[in-house]
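One structure follows; several queries about it will come next.
Order of writing sets the labels: A, B, C and D. Residues in every chain begin at 1.
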């Protein structure tokens, strides 16, 4: 393991971790604050990717897709929250899981019917194509953007949660719905907006992943798999946990691939089972 | 001496909840533990019944140290307990609630092979308990549909059904009407002949009439103990309860 | 329990309905070829086989409140072990079944120790994680066929001479196994153990303070439900002469949860009905709506979770005109309403 | 005239399905409530109908290929003299082995089909074969690459028209040595086919003096190759080319990241076995794939007389629809069935007759001359295809490498086939 290979793998691990943060952060907030385990979160990311792809194909403008796709998916998220998810607030967590499990089937099949089974990918603008030589390491430009963008987005979410006027009731909602409601804050309006925002974040993650990798109707299973492992490791409902969990998973995949490729598949499951057994509530759980 | 605690202490996150408690519960007697809210009464019950483990100290039951035993082992030693917040099987019938408790007295209590429909002994035991606590007409009602007072009596009945040696009741009459409270007092007194009872109660008239011995707790420490009359005349108790001396 | 307290009348009624259903199932093969094509016997067989697993699943999820998202691990193990034993050891179906039960008992015991400390969501995640572990192992272990799984499995024999390869003997064998499984499940539910399980489902703390070692009892029901899954896997390996690693996949575990929820857990009969619905409707929709089948099944699932979380048995026991039906379909622990 | 009827037949089929959608509520509801078996026994249609079943993936992993295979199959028949007699029964295997087996059973038992075109994936085909073998029913496979089905699990009733990982990797060894060079870096998805391709290629390549300078196998279905790609750059000796096997989405991600991480710019060339750079994936790969190679037994848009007829018919039947390996595979299977039907005078119920004809069949299809080997596995023309960009469209330039079947015998992992083994 020469120094440059170590640096390369570390950089890749951090980037993969950054993309996982985008995917898992929305799921973690929705679960943390609203107690809703959204198995369809992967589908929202997938729908974001497909919407982004369609916009880029129609208009040829990547940034337009980057802006519009989240709005469309946010609208969809609002509808789903209003009609279905809001009926389950306060109910036990498994029933929210079963609802969204059914929803993920509906979305995955809808994508198959609308866009068909073939694979697509979002064409990047020319300045994002190619790679740069980052002191000896070949590194794609777009991934650098993804790394920076994820850090910025996570920073904004962090400030939003911890500092802003909205942040306090949301974090409070984490602990006790009734008391927050008693303070006259319409917690359910907060939940709707939060679900919509998290859907939008999922869509942004979708556009980015759609540009980095191929889009197909089966990608939602892979995405929700990653998101579940991250929030289990990081701790159910803890935003900080989701960040750390994503980094751990990203680095584990990167280093796992170097050390023992054969066991790369097992590393993620072993980490997840290990955390579940030692600290059932995850590393940073507040729930 | 049925049960003896030896400088039991408990602190959670720097907060001293129980301070070196040395208590004795005499066999065959009804002992009441009184004290203002937050004095550590329920916490003491939790320590004795194994729900919480103390930071220091031992609990001797029939000269056997039971600290560290899991709650079900302590229960099997004959220590039954009711909770401050009613803890029953709400979606089951009243009869079923008592049956689950009653069947612990038999070897087949959780056996896969024995059939509930053929088990006459448990049913008879459950019928007895239902008569004792006066809920036999509600036998097939779902526990959820009972009034708060009836639910508390049901929970007491379940604790009795496991034929305990030592019965710990955490505010058994809270939320009961005066009539129900009076009936419960008679029940406690009649049960008290066979079983050693320890009560946590706020209703002074009940405590004074029923208990043989009183223990007064405040801020996790023992203030005094003795017969109801001695404790009532102790000015420290008056200061705590009445705020004046 | 529904039957024990209102005297013999309702008990015999429920047995009547059960006998009637059994009779229909016994006579079904006679109709094949005339009333309907032989394929529907194969479809009914899938319902019988998965029904056995769902009885075990219901003991754990319906009666004890622990919904497992990884029940396919018992199913897959039962199938793999039986297939390997028929190919290399002996072609008796019992040897394969017993070996499957043995290994699944070990798995059920070991995982039980790990799983017992978790509840609700964490139980779901842990069972999900373990089953994925089996899925990944099966996919990459070349000895048991890797991604292709095992193919060309010889048809086992019930007793030397009677092969279970052809459909009718295997149909009655599976029907027999389901009947036995149902009888065993009923006895467990009606046993003292079953009653305490329902207690654990509603209020585990109270059960502990009555003197029951609830973790031990949960481990026991976890193991038992695994054994049901094992028998089901063994039968499937006999019904279809191949064992793909997808028997361990999340989509199968998810289907089991769906069957339980659609049917209505905690009634034994509900999950069996859920199995019939998911398998029969799944095939029906897939043929007629081709690629849109998942949309409908997913939609039905969402509607069921939203509007009747207790599943079909709830709807039937509410709508059922006669008390008979509600006795059969009513959930054991919520039957008495002030009668 | 002939074509219109064919086309109308296709439209009618689509219409009937849409009408049915309206009544789905009633039928679905009825089945649901009564819980009885579904529509009762469909009456047996009289007349020399040719009932052809097709189990393929309309949903799941390979849902992009299923519909195209089906269209190719139907197009072949719409151009033949059996177009009015042919009746098609399409079932969705959902890309799952046990569903594929269940649907194959349904087609033969409920719909009484005479012939069956099997599923796409390499783990679905053995499942269907295992279920149909005792029933002595014909199974044709345009894909479903699995060497065991031409080895010890072969059967007189199962015919592999497509390829296996063997005859798609071994022919590339001499070509690689001649075109690219002596040193190769092996890659692939860490599952059976991925490992097999690398293994067979390595044996053939080292036998003719080639040298493997490094290898890695990444988990199946992984979409991040960043941690693996540096290993190619850090290999002891600089490889003349990278050879391996990734399927569908994995291949797209691998090729794109191969370019993103600068390997393509530094002159590394990637060769993917078994048609990973097929037409339907080239759009998603974009520029990254240009200049790379793959191996397959079909070259869409190739300029051969057979292919020109096919392309004309396809554009007329499905205007605007791209032509790719899947639809040519379907058309090829249709051509083979039609050739076999001719030999038994169109009597599709004569299973034994069809089996003996198919066992020694030779036919000409858009991919070239195809001959059935003794182990019921076809001996197909193999091409090394280079991806080029011609007037804005991604196309392949095919180099013919020769005819290759899949040998069998005790020395191979998939063993010997009781029906016999081809020489090479």
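Just so it is clear, contacts are C-beta pairs under 8 Å (C-beta built on N, C-alpha and C of every residue); 3 or more make two chains touch, one makes a residue touch a chain.
Since the model is a prediction, treat every value here as computed from it, not as a measurement.
K.L.:
Taking a step as a move to a touching chain, how many steps at least join subunit B to subunit D?
P.N.:
2
K.L.:
As a test of understanding: of all chains, whose mean C-alpha position lies farthest from that of subunit A?
P.N.:
Result for the farthest chain: B.
K.L.:
Based only on mean CA positions, could you tell me how far subunit C sits from subunit D in angstrom?
P.N.:
That pair's centroid distance is 36 Å.
K.L.:
Roughly how far is subunit B from subunit C, centre to centre by C-alpha average, rounded to an integer in Å?
P.N.:
42
K.L.:
Touching two or more other chains, which residues of subunit C qualify?
P.N.:
As it turns out, subunit C has residues touching two or more other chains at 140, 291, 293-294.
K.L.:
Two or more other chains touching the same residue: where does that happen in subunit B?
P.N.:
Not one residue of subunit B touches more than one other chain, so the list is empty.
K.L.:
Provide the list of subunit D residues touching at least two other chains, using ranges where the numbers run on.
P.N.:
Residues 58-59, 63, 190.
K.L.:
Thinking of each chain as a vertex joined to the chains it touches, would you call that graph a line, ring, star, complete, or other?
P.N.:
Graph shape, chains as nodes and touching pairs as edges: none of the named types, so other.
K.L.:
Determine which chains touch and list them pairwise.
P.N.:
A-C, A-D, B-C, C-D
K.L.:
Quick one: which bits of subunit A touch subunit C in the complex? Just the residue numbers, please.
P.N.:
My answer: residues 37, 84, 87-88, 92-95, 97-99, 101-106, 108-110, 112-113, 221, 228, 232, 236, 262, 265-266, 269, 272-273, 276-277, 280-281.
K.L.:
Which of the residues in subunit A end up touching subunit D in this complex?
P.N.:
It is residues 5, 8-9, 12-13, 15-16, 109, 112, 116-121, 123, 129-131, 133, 138-140, 142-143, 213-219, 222, 253-258, 261-262, 264-265 of subunit A that touch subunit D.
K.L.:
Touching residues of subunit D toward subunit C in the complex: what are they?
P.N.:
Subunit D residues touching subunit C: 17, 20-21, 24, 27-28, 31-32, 35, 37-38, 40-41, 58-59, 63, 90-92, 94, 96-99, 101-103, 105-106, 109-110, 122-123, 126-127, 129-131, 134, 146, 148, 152-153, 190-193, 220.
K.L.:
Under the stated contact criterion, what part of subunit B meets subunit C in this complex?
P.N.:
These residues of subunit B touch subunit C: 49, 70-72, 75-76, 80-81, 83, 87-93, 95-96, 99-101, 103-104, 108-117, 119, 140-142, 145, 158, 162.
K.L.:
If we count contacts the way the header does, which residues on subunit C are in touch with subunit B in the complex?
P.N.:
So the residues of subunit C touching subunit B come out as 1, 3-5, 11, 187-188, 190-196, 198-199, 202-203, 205-214, 217, 220, 224, 333-334, 336-339.
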